[in-house]
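Sending over a structure as structure tokens; questions will come in a sec.
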Amino acid sequence: MPVPAPASSVTPLAVRFAQRARVRARRERGLRVGLGAAAALLALLAVAMPAFLLASARLTPGWQDIVLPLLAGSFKAAVYAVIVALPLGLGAAIWCARFAPPAWRAVLKPLFELFEAVPAVVLGLIAALLLAPWLARHVFGFAIFLVLLAPVLALAGMGWQRVAPLRWQRRWAGREVWLMLPPLLLAGAVALWAGEQFAATGLAALLQPQTPWNGLVIGLMLGLAVMPTIFSLSEDALFAVPAELALGAQALGATRWQALWRLLLPVAAPGIVAALLLGFSRALGETMIVLMASGNTPLLDASPLTGLRSIAANLALEAPEAAPGSAHYGLLLLSALLLFGLCLLLNALAEFVRGRLRQRLAGL
Amino acid sequence: MATFASLPRGLLRRGDTGLWLAAGAVGLSLLALVALLAVLLQQALRAFTPAPVAELRWNSGGAEHTLIAAVVEQDARALIVRGSEWQRRGAEYRRIARADLIQLDWPADALTLHLRDGRELHLRGDATAWRNSPLAVLPQAPAGVVLSAADVEDVVAVNQLTTIRTMRLVLQRSWRFVAGAPDTGGGVYPALVGTVVLVLLMSVLVMPLGVLLALWLHEYAGSGRAARVLRAAMANLAGVPAVIYGLFGLVLFVNGVGGGLDALLHSDVPRWGGGGLLWSSLTLALLTLPVVVIATEEGLARVPSSLRQAALALGATRAEMLWRVVLPVARPALLTALILAVARAAGEVAPLMLVGAVKYAPSLPLDGEFPYLHVSRQFMHLGQSVYDLALSGSDALRDPAQAHAAALLLLLIVVVGLNAAAIVVRNRLRERARELAI
Amino acid sequence: MSATDIVPAMPPGLLDGLDLALEARGMSLDYGQRRALDAVDLQVPRQRVTALIGSSGCGKSSLLRCFNRLNDEIAGCRVRGDVRVLGVDAYADATALPELRRRVGMVFQKPNPFPQSVAENVAFGLRLAGIRSRLELDDRVEAALRAAALWDEVRDRLGDSALSLSAGQQQRLVIARALAVEPEVLLMDEPASMLDPISTLRFEELVVALRERYSVLLVTHNMQQAARVADYTAFMQAGRLLEFDTTDRIFTNPRLRGTEDYITGRMRESAGL
């Protein structure tokens, strides 16, 4: 490429630049090529994964008997996980976004983010070796705890608001979490004690799980694992709703909670729905917790007191042994395809719903 | 959660029920976190605290038995004890019902000998005497078992331990755990080495590719159609479960490329066609690619356009502007991306189970013989060790305890070390951006 | 009907005998659908200071950026017409962009030094030329800082971060950075608008001094500044160049009513009326 050089300015520096021009242009071209290659590689990868799954998956006759229990197992695990994760995650998000002082929020958000980073194998370990045996012995107590939980918390809170002197209430405003800890611990202790006392009753026998490694354990631990996902997305959605909306309602006499329930939650609903979808997707794909704590028994049974085997756990167990090209292999890939497709669908749906949230917020 | 219709009206109107429930949710989550950590710590400590040694006499099958053994668990109904392990580690567990017990003593001169291969022997005697004199054949040993002083790692008078001595012992044994190998008494050193090497190799693969992609997406592609499609592809790839990546790696790399390589090189023993370090690194690189791209893009977006303009106005080419101005300013974001990717790689087990991590690898992937880094070898991984120790260990009681210790180590490294570092770096990045914008 | 139909922007023969640094003929600039510059004819003489004045949004900055093709970075931007920089067609396919931009330095409204040391900022362009010798770099950095009237203030602080300098010093650092690669034209986009009055005056002194070696095209909304510093002044409105003349004549006897209105209006503003 000719370098423009009018007669008046061929200084030594200009000459140096002219000498370097080729090298610099070559590096620029090289970068372009590198970038294009990277982009092409990504495109290739994005296409290759579903493609190879589709190519090798086999619909051998009788596939339903093998694949459907696995699919049901994945769903069972994910549903129970979300049942645990949604109240915890959404509740925490609500408190964090709307009722927490900024100092709390600055600590809680990273803390939950850190929790999301806990390796699943650690959670699986605790679930398999500690939670499962413990829960098997104390199911009844645990059930009592679940029943007591909401009423105890609500009563404690109401009691505080009615009975405690205003000075105290003002001091503890924004620190309700500390106030809720004693009732929680109390409810837990009472429930466990009651569980021990009435362990011999018929109701307790009904609740006795067939195996310590069951849907309940999975639901709890997997729910705990997925809760940060639901928390952070819901929290973002709720936090993004402008405060004026709530202030307006409060000026008209609504309590903070009423403003939240009737105004903010509906506005942030798309974000929360997206959080739910993504949490469900994550729970579907989670392998280690289910692998370690589910008993890996492929049952078509919705009860939380029996085991399950999920697609992901099945893959981890059987894929290394399967011979490429065999029917077994084809079925494994079919199950993987199902899982892949489901997660893709859920993610796309969540993205779409989040787009609605953005639109809604932009319009406010 | 209670339904609002069922509560009396007055309560509803007066109160913020939901507020208390929400605060309760936070409290419950925090309690769960604390409980998890506490229980993990407690179990890990148990792995390193020596069990007290008792001298027992009990009735069984009409005959009377005596034994000097360590009492590892006990409840109202029975005791679980571990006798001297003359032959094999984990082969001397017994369950003795309290009802059958005749006598249970805790002799002050009880000793536990820790052998180098992880076995324990229990007997009575003088600790200092045993430590000094060499052993030939111990009096209670079954015929033919020979021990030398070199086999003995430590002699502990377990029933006379002070708190300080116990703490010192726990630290000692924790260190041996971290620095030792599984066949010398239980240790995770090979797993640590494997994890570190894996993570390094993966970083070398994923960082350049991820940064290039982020540069392309942010600096060149803008909001054209190609960019939107690839961004969507990236978002979708981020949502794919890790085990599917593992499957992909298994099929494409291990069976496909690896099998092909083996066929090409005419090797009978599957060298490339089995799981290995290279395939694992590649698989994890693909897995963490979206993380790196997104974190890097975030950093690129924070570079003020005024700096880019300044560089271009001086006659820099695009490549020079990116290399000399933009990337240096975005360095904290690149670091964050690296840390997040590494944290993920250290913690993921499922894909590795399919592409190369094994329960026991006879040699390290990094050693002194050429070519020093053996990328075709199978390797051990810390997360995989947790899984193996927990579920398929040979010692039903000590291995799960070690699993907890390994899990705690993994947790410390991944959560406290890496992710906390990422948060600190990210905060510094935000401060830097604010600085530049002033 | 535009003013250009009736009266040519520049009196004929005004720039006879002068070499031209920049020349635009019939230049139009579109950002997508929006037309930012319309049939602009502008001639900027060498080794003189030319001021570009006009109300906000009239396209002054866009015009400036056409000459070093920084507008190319904006998606959907199209330039039509003839643009010559130092005698060469700037928009020809054969023109090397980095070299063009080297020879046409730019100073922005807000000082934008790199977050590096003072010396590294100035040496940035030199490194692009492949200069690595510490000695040569130091010499050239010193020369550039002297030319920008900044040397005495930073000679002991060459290793300090550029962001630790005052705004006025940063702006002069930016000039030093641009001067280091030996440009021939300097484009300045309201360079003193973020500086305090004293720094502004020092800056203006520098511009006048730079006139000896460089051709300066200076965008300003400060009439006094234009009067103090510029040899020639161009008045723009709504993407069109309406009048071009010596600064004296533009300020004392503009040919167009619009020019007069603008100048007296701004004079009044800055006088606080």
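For reference, chains read A, B and C in written order, and residue numbers begin at 1 within each chain.
To be clear about the criterion, contacts are C-beta pairs under 8 Å (C-beta built on N, C-alpha and C of every residue); 3 or more make two chains touch, one makes a residue touch a chain.
What you see is a predicted model; the values in this text were computed from it and never measured.
Student: By mean C-alpha position, what chain is farthest away from chain C?
Tutor: Computed centres place B farthest from chain C.
Student: Of the chain pairs A-C and A-B, which one is connected by the greater count of C-beta contacts?
Tutor: The greater number of contacts lies at A-B.
Student: Quick one: chain B and chain C, Cα centre-to-centre, how many Å?
Tutor: 60
Student: As a quick test, compute the distance in whole Å between the mean CA positions of chain A and chain C.
Tutor: That pair's centroid distance is 55 Å.
Student: Please tell me the distance, in whole Å, between the geometric centres of chain A and chain B computed from their C-alpha atoms.
Tutor: For chain A versus chain B, the centre distance works out to 21 Å.
Student: Send over the residues of chain C in touch with two or more other chains.
Tutor: 98-100, 102-103, 128, 181
Student: Where does chain B touch two or more other chains at once, residue-wise?
Tutor: 315, 317, 320
Student: Where in chain A do residues touch two or more of the other chains?
Tutor: Residues 17, 24-25 of chain A touch two or more partner chains.
Student: Which residues of chain A touch chain C in their complex?
Tutor: It is residues 1-4, 6, 8-9, 11, 13-14, 16-21, 23-25 of chain A that touch chain C.
Student: Please give the residue numbers of chain A that touch chain B in the complex, ascending.
Tutor: Spelled out, the residues of chain A in touch with chain B are 17, 24-25, 27-28, 30-31, 34-36, 38-39, 41-43, 45-46, 48-49, 52-53, 56, 87-92, 94-96, 99, 108, 110-115, 117-126, 128-130, 149-151, 153-154, 156-158, 161-162, 176-177, 179-181, 183-185, 224, 227, 231, 255-257, 260-261, 278, 281, 284-288, 291-292, 312, 315-316, 319-320, 324, 332-333, 336, 339-340, 343-344, 346-348, 351.
Student: For the complex, which residues does chain C have touching chain A?
Tutor: Interface residues on the chain C side: 86-88, 94-96, 98-100, 102-103, 128-131, 181-182, 184.
Student: For chain B, which residues are in contact with chain A within the complex?
Tutor: Residue positions touching the partner: 1-2, 7, 11, 14-33, 36, 39-40, 43, 209, 212-213, 215-216, 220-221, 226, 229-230, 233-244, 246-248, 250-252, 255, 275, 286, 289, 315, 317-320, 322, 343, 346-350, 353-354, 383, 386-387, 390-391, 400, 403-404, 407, 410-411, 414-415, 418-420, 423.
Student: Any idea which chain C residues touch chain B in the complex?
Tutor: 68, 70, 73, 75, 97-103, 105-106, 108, 110, 112-115, 124-125, 127-128, 163, 174, 177-178, 181
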